[in-house]
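Each of the next two complexes has chain A plus one more chain, namely chain B in the first and chain C in the second.
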Partner chain A sequence: MAHQVHAYHMVDPSPWPLTGAVGALLLTSGLAIWMHFHNMTLLTLGLILLLLTMYQWWRDIVREGTFQGHHTPPVQKGLRYGMILFITSEVFFFLGFFWAFYHSSLAPTPELGGCWPPTGITPLDPFEVPLLNTAVLLASGVTVTWAHHSIMEGHRKEAIQSLTLTILLGFYFTFLQAMEYYEAPFTIADGVYGSTFFVATGFHGLHVIIGSTFLAICLLRQVLYHFTSEHHFGFEAAAWYWHFVDVVWLFLYISIYWWGS
Partner chain B sequence: VCSLQLKAVINAFLSCCLVNHTVLFTGIPTDEEQATGLEKVIMKAMKQGEDPFNMMKPKHYAGSKADPHLVPSITNKRIVGCCVCVGEEDNTAVVWFWLHEGEAQRCPSCGSHYKLVPHELPH
Partner chain C sequence: MYYKFSGFTQKLTGSAPATAYNPQGLRSGLPAESPTMIFATPTKVVSEAGATAEYMGANKVPDLQKFFQTSDGIPVHLKRGYPDRLLYRTTMALTIGGVAYCLVALYIAAQPNRK
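Right, the complex of A and B next:
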């Protein structure tokens, strides 16, 4: 064991920050090349490198925490701060898109017909699939809380069941939203309505997929006995992220789907 | 069948001897059972009321000759920052000094007593 007088974790040298940076560079430049010259090589390479980096970096964190015991109370506190700060940054990310939506919808220009929804746009009925989606995500918030309590109380079977249910609800939301996208009478190219609608809900959908993936990893770890009834921060981080995704949807539903119709 | 019987025997034995063996009963281990490495060392120390890695605030002492501040150290000297003289509101005027092994030293500003207590590196 490392001979240290402090409870912090001095991480071993790792190549993943470098591979991540290179991957991000290839991804961004690849995106530009794809958009202008119709070539996906750089983009694909960047994506693969980034996915490999994420897998190996997070795998190493699990090894350091669960298998080597480096996640002492102060280290865990730092991880909590980190996740909270990250989610806060994501809140600001979405705040921008809400700003864009309200900027355009509160004072609709003459080109739109001076009204919102703009002339020619038939918005989705907020009381059909969007309402179902709201119920699905709220229910998933309940099941993820159930999973958390199951873990804290040491009930393995219930934890696995409730976590699986949460993930299934997440998939159901994604499926429903994909159907909505396919059937929608308007596209992203339909003026500022289309832009604000699909960019805001699109990024939200991406975050649902990310959140579901995070929860799925937690399910795998729970099955493999990684979590203890006191120490299961990976799961808590996933649950926080999932609640954040749920709250963003609620704002989207109220603002864009309901008020915006 | 033999291994099933063996499992039942072990289960019975453990449930008699161990009070809180949750893995056998409900399936999720506790830190007591599964913690490892530094996390385990700290957990064990905290259960005995010890803080070898200085995670908590230093213990409170009177600072007098009879009850000096005891300062743990892994070598024969350690830097001390005295806040006693300054008062709680103003921590921009901490008095820093080296505390050496041996007789208790006094803070150059307020005169509180400090004594170095050498001990082993926590493993």
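Right, the complex of A and C next:
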């Protein structure tokens, strides 16, 4: 086998970009078909294809990095840039919804009663469950940092325990938020208050679920000895994403829950 | 004419002799083997730990590394053989079938309503 004289990763030909693109096609057209004809087949097919693509694509990255050694320092640098850029794009995504919230809440229209919260809306008390949610996410930020230091110091058992605790806190947040959604006295259909509240917090909740899943994969990999004390970028990427999710919540809490009540 | 591998364009470009003889990323005095990787340090006292430290299963990574680094020309997504092939074929079948179903559904959806 010819050996490369550079430190970069020339990947093997892979079918997953194609299957992922087709998955996106099926999801979008499936959404349209579902909305017009009440048929979920295409949508479900798209979701299955997306999940299969994600599983196999990321499984292959683990094989290439951990088992085949392709993730040299320059390659890892590229992966770091990639994750930073992705998280930046997500920041802009949320920025849009915060823009919408402030646009509507800083100058409430006469139709709302000229006030914020609008007439007829009883907002959630920011010092009840939302405050608990804030504490839960802040604590999870501490435990994920603890897990990182444990990995760097080679403390396998501590790393597993602190990472598990982080994931449990993430699930606790999701559970509490689901309860809040169920018990809330207003819905997404309640004017611009309902729209901005549920779209912003809803997308945040989705990101908490994604982040928890990413951390759970890292836990599995930690148990399987994939991470070393010097090289554990998958975990670092998950930790960055988790801190991003935490920061978004803090902005949501301050803007929508507290200032907006 | 001397050449270097440009990290920006990912191609060979002209360079000074010094750069050609000292490629970026190739450091002299670096050991051929990477340093021993530390997967876990035992938390027990050495006399209690036994031969290896084990918590939640033994380390199979070195075996997997040897397995995946066999130079048989098989791409990484099929390297494990049968389970990989099964999953790949299922995914590809859903992909092709999905495209066909999608085109048919969109064609039907594009037909005007007959009342």
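The rule is simple: the second predicted complex is superposed on the first by the 259 of 261 C-alpha atoms of A that agree within 3 Å, B and C clash if a C-alpha of one lies under 4 Å from a C-alpha of the other, contacts with A are read in each partner's own complex, and residues count from 1 in each chain.
Simple rule for what comes next: a contact is a pair of C-beta atoms (placed from the backbone, for glycine too) under 8 Å apart; a residue touches a chain by one contact, two chains touch by 3 or more.
What you see is a predicted model, and the numbers here were worked out from it, not measured in a lab.
When both complexes are superposed on chain A, chain B and chain C end up clashing with one another.
Once the two complexes are overlaid on the shared chain, A:3 sits against chain B while remaining clear of chain C.
Residue contacts after overlaying the shared chain place A:16 against chain C, while chain B stays out of touching range.
By the document's definition of touching, of the two partners only chain C reaches A:48; chain B does not. By the touch criterion defined above, A:156 reaches both chain B and chain C.
Contacts of A:109 after superposition on the shared chain: neither chain B nor chain C is touched. Of the two partner chains placed by superposition, A:88 touches none, neither chain B nor chain C.
Chain A is touched at more residues by one of its partners, and among chain B and chain C that partner is C. In the superposition on chain A, A:225 contacts both chain B and chain C. When both complexes are overlaid on chain A, the residue A:68 reaches chain B and chain C alike. By the document's definition of touching, of the two partners only chain C reaches A:26; chain B does not.
Once the two complexes are overlaid on chain A, the chain A residues touched by chain B in the first and by chain C in the second are 1, 5-7, 67-69, 74, 153-157, 225, 227-231. Listed in rising order, the residues of chain A touching chain C in the complex are 1, 5-8, 12-16, 18-19, 22-23, 25-26, 29-30, 32-33, 36-37, 41-42, 45-46, 48-49, 52-53, 56, 60, 63-64, 66-69, 74, 153-158, 160, 223-231. The residues of chain A lying in touch with chain B in their complex are 1-3, 5-7, 67-74, 151, 153-157, 159, 225, 227-231.
Taken together, the chain B residues at the contact with chain A in this complex read 22, 25-31, 33-42, 52-55, 74, 121-123.
In the complex of the two chains, the chain C residues touching chain A come out as 5, 7, 10, 23, 25, 35, 37-41, 43, 53, 55-57, 59-61, 64-65, 67-69, 71, 75-77, 79, 87-88, 90-92, 94-95, 97-99, 101-102, 105-106, 109.
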